[in-house]
Amino acid sequence: VKLLFIGDVVGRPGRQAVQALVPRLRSELGLDYVVANGENSAGGAGITSKTAAELFAAGVDVITTGDHVWDQKEAAQLLETEPRVLRPLNYPPGVPGRGSCLVRQEGKPPLAVINAQGRTFMPALENPFLLVPPEVERLRQETPIILVDFHAEATSEKIAFGRLLDGRVSAVIGTHTHVPTADEQIFPGGTAYLTDAGFTGPQESVLGREIAPVLRRFLTQCPQRFEVARNRVMLLGALIEVDPATGRAVSIRRIAEPWAVESAP
Amino acid sequence: VKLLFIGDVVGRPGRQAVQALVPRLRSELGLDYVVANGENSAGGAGITSKTAAELFAAGVDVITTGDHVWDQKEAAQLLETEPRVLRPLNYPPGVPGRGSCLVRQEGKPPLAVINAQGRTFMPALENPFLLVPPEVERLRQETPIILVDFHAEATSEKIAFGRLLDGRVSAVIGTHTHVPTADEQIFPGGTAYLTDAGFTGPQESVLGREIAPVLRRFLTQCPQRFEVARNRVMLLGALIEVDPATGRAVSIRRIAEPWAVESAP
Amino acid sequence: VKLLFIGDVVGRPGRQAVQALVPRLRSELGLDYVVANGENSAGGAGITSKTAAELFAAGVDVITTGDHVWDQKEAAQLLETEPRVLRPLNYPPGVPGRGSCLVRQEGKPPLAVINAQGRTFMPALENPFLLVPPEVERLRQETPIILVDFHAEATSEKIAFGRLLDGRVSAVIGTHTHVPTADEQIFPGGTAYLTDAGFTGPQESVLGREIAPVLRRFLTQCPQRFEVARNRVMLLGALIEVDPATGRAVSIRRIAEPWAVESAP
Amino acid sequence: VKLLFIGDVVGRPGRQAVQALVPRLRSELGLDYVVANGENSAGGAGITSKTAAELFAAGVDVITTGDHVWDQKEAAQLLETEPRVLRPLNYPPGVPGRGSCLVRQEGKPPLAVINAQGRTFMPALENPFLLVPPEVERLRQETPIILVDFHAEATSEKIAFGRLLDGRVSAVIGTHTHVPTADEQIFPGGTAYLTDAGFTGPQESVLGREIAPVLRRFLTQCPQRFEVARNRVMLLGALIEVDPATGRAVSIRRIAEPWAVESAP
């Protein structure tokens, strides 16, 4: 089974790259499932039913999110009505939305996706190290093919989380830092791991935003308006091949597909 | 001019990898200068005159450090007596040590090295965005070949810092997260950039430390003893080629050299 | 010389308390100068020319601020045109506004006010421990009566800052936590000190905001709308008496004046 | 029922103040129970069986702790063998020790004590807002007299936590900042509240430590040795009177008892 994970889709350039590239990658790479992090899909901050619909229309099967999930007001309703849009599992009880889902394309083995968030240098959600393992056990009753998007800042927490799940899930892919890491590997227990998938959007930027205002922020510590940038748009992510019988990863490699030198303003 | 930058050298396995590999890489790659971050060279935390001497003996020209620089008591004396061991430039006035140096191998153009530290999710040092540019100007009087080790946590701060210096230095290489990033590039102004060089040491680990205690830390939030790990020792870093006339980077590529499957206990 | 310092004025209830109580306190206590922190005077977040004008009309001589200073768009213009509204001194060069001022009521010795901000658990401004002492020296050429509002979170940083300035200024009063502390004292060098002045506004609240949404925030980690609360409105601050010849504090006591059981919605 | 809560006891001077003053206060104030936070009782950092024994011998009934609980190696064993020494309740499952206990002096109604820790600007323990309410319900089966030590940094979290428990416990007293707050009050539901009790030890200090090294720390950002200070030793805390039939607080007042101008080195 071949899974494509797409790192944080940033704004319209990011969505356009997904729309343009996913159909082609689907056939070229023989993809079975596509999962994308959409926490920045709406203007760079948050997600709306419109931006989610665009990603689904492009062939994305499941959308994960992260700390920016609530940035757009309609997120709560989207999360309650669309089971394929996830928010981190480790929000406290009573919060709208789900942290995992099961999808099933006809003629293919089902895929489970879990979305969780780290806590180092991030808000104090519930403990993902305690909450995710039982969720994995529950989902393994349904399928051995499980992909985890761990949205976190600190490399130590991300690697430790990947090691915790080694042998229990097919892949743990990190998101949130928007910079792709070069540590893709298969852990001894058979879990594919990558600390961060990078982001999908304009790479001539600071994490997808125009460079000048971010620089002014660091130079002045005063608030700035951070517009989504436009140039060198790429789709970044990871391709994971999984043995459908065991759920073990067979291979993982980074994906970095250019889409446009310059996107429309 | 060919520069090898080596990411945070962790403990004895890291030092052994440097000792074994740098002489070979020096001739194989035709290296002119080698710079290594040594903040974790002593037992995984800090630096001593002994570990610095080992790195110099292996062919390292300049050692940079970071937030762990003071972990070993003798660091202050080392910094005061050895100008080739740097600490972040942006400590307040009066702190022992230097944040930059100039080295000159016979028959080669001189190299300037600057070491600075970020402040996002890190201690409140002085402002590197304000302090480093004038230091760059000062050093450019001596040489156009300038390498900056920016020791920082947050990707936004690292990229913004690289963009700030674009066109003024030959390379900005990030350290501290211990995970190599896959975003090596030459910015439009001619500065080579990499968000993090990764670390040199046992990769079968969490950032160089044994996996089990780090996992226990995240599972219990109680202090654990973090021993340096032993397996899959690699040297990670970046190779930058610089035009000696202009100081502009010509190329940058990541380096990941295996040394040992298992190091001695 | 008698100085009244008023802790963070929160929203309309806070401004109303200042308007109602300051004229009375001025005569009852024989006040010479009144300084108020206004960073929350506009709807609980930020300051506008209108809210500043209301505080000045009530008899406030100088307004200090803090991390919320930029929350309202017009703040930059206000800071550039009104020298009696301060922002923390330790913003980087080039930022609009000033961090200190000198005021002079007819027939009274002049008062200097300095506003600075801490960095522990707060944004990485420039170093107040390095920047404030020379500013104190500069102002001492004009007057020995100097009041410092140190806007900071951590008690260790606030106390250390107060000790740093002991003997050089008349008073160091902390703000930002919105909870009054009971450690008012005169340090050995003659500087009056209080870790936090508390806030002026509705005390039946969490730091001036309605209780229920703040509780929901801690229970869900989801964003909530934090309205300014309405009940048990009080003016909190400190009264400092200073020897005009030496600038040494003679006494300091906390002020907690009730204004309204319930303010209008 | 009269309860004395004693804020963080710092080092030998703090223990000596407890030993000298608690017996006298017990009779003078007619105390029924004494609870003290002991997280800094051993040399300023952590707790040992010896320092716990000294506090118990002085008449302390229950010792609470906080983030420094593990600073001394023997803490885990002490917590496992001495049920009257608590650690924050909201450590993950499997961690040594307990977060609550029930004590019963002959002829008096029993007292339950809960120790919990905040998470804002602190380690990511489990969620106290979710874990403490069921523990309160459990203890209310035994006694309506319940005292909570909430060890936390941020005033918003402390007040919100107090409001959460209003009407369910007799008192919520904050610790950790080492600075006493002046906001003692009885919430509408009958719960006595104080944001911070301050610390017991040498007040001529920064939070109990010598002033000069802390100042050097802020001036240099380099590590310093923080010795426990010696002068102006005081016992700080709060006296709470509780209606034994209902568990509602009848009164709360701050306690600040001088012990020594200068303690032995």
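Note that the chains are named A, B, C and D in the order they appear, and that numbering of residues resets to 1 at the start of each chain.
Everything below uses one rule, namely that a residue touches a chain if its C-beta (ideal position, glycine included) is under 8 Å from a C-beta of that chain, and two chains touch if they have at least 3 such contacts.
Everything numeric in this text was worked out from a predicted model, so none of it was measured.
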Item to check | Where subunit C and subunit D overlap in contact partners, by chain label | outcome: A, B
Item to check | Chain pair showing more contacts of the two, A-B and A-D | outcome: A-B
Checklist outcome for this item: In whole angstrom, the CA-centroid distance of subunit A from subunit D equals 43
Next on the checklist: Taking the mean of the CA coordinates per chain, how far is subunit A from subunit B in Å?
Outcome noted: 30
Item to check | Numbers and ranges of subunit B residues touching at least 2 other chains | outcome: 92, 124, 130, 219
Item to check | Touch list for subunit C against partner subunit D, complex | outcome: 121, 129-130, 153-157, 159-161, 163-164, 177-183, 195-196, 198, 206-207, 211, 214-215, 217-219, 254, 256
Next on the checklist: Per the contact definition, I'd like the list of subunit D residues that touch subunit A in the complex.
Outcome noted: 92-93, 119-120, 124, 126-127, 130
Checklist outcome for this item: Per the touch rule above, subunit C residues touching subunit A in the complex are 70, 76, 91-92, 94-95, 123-125, 219-223
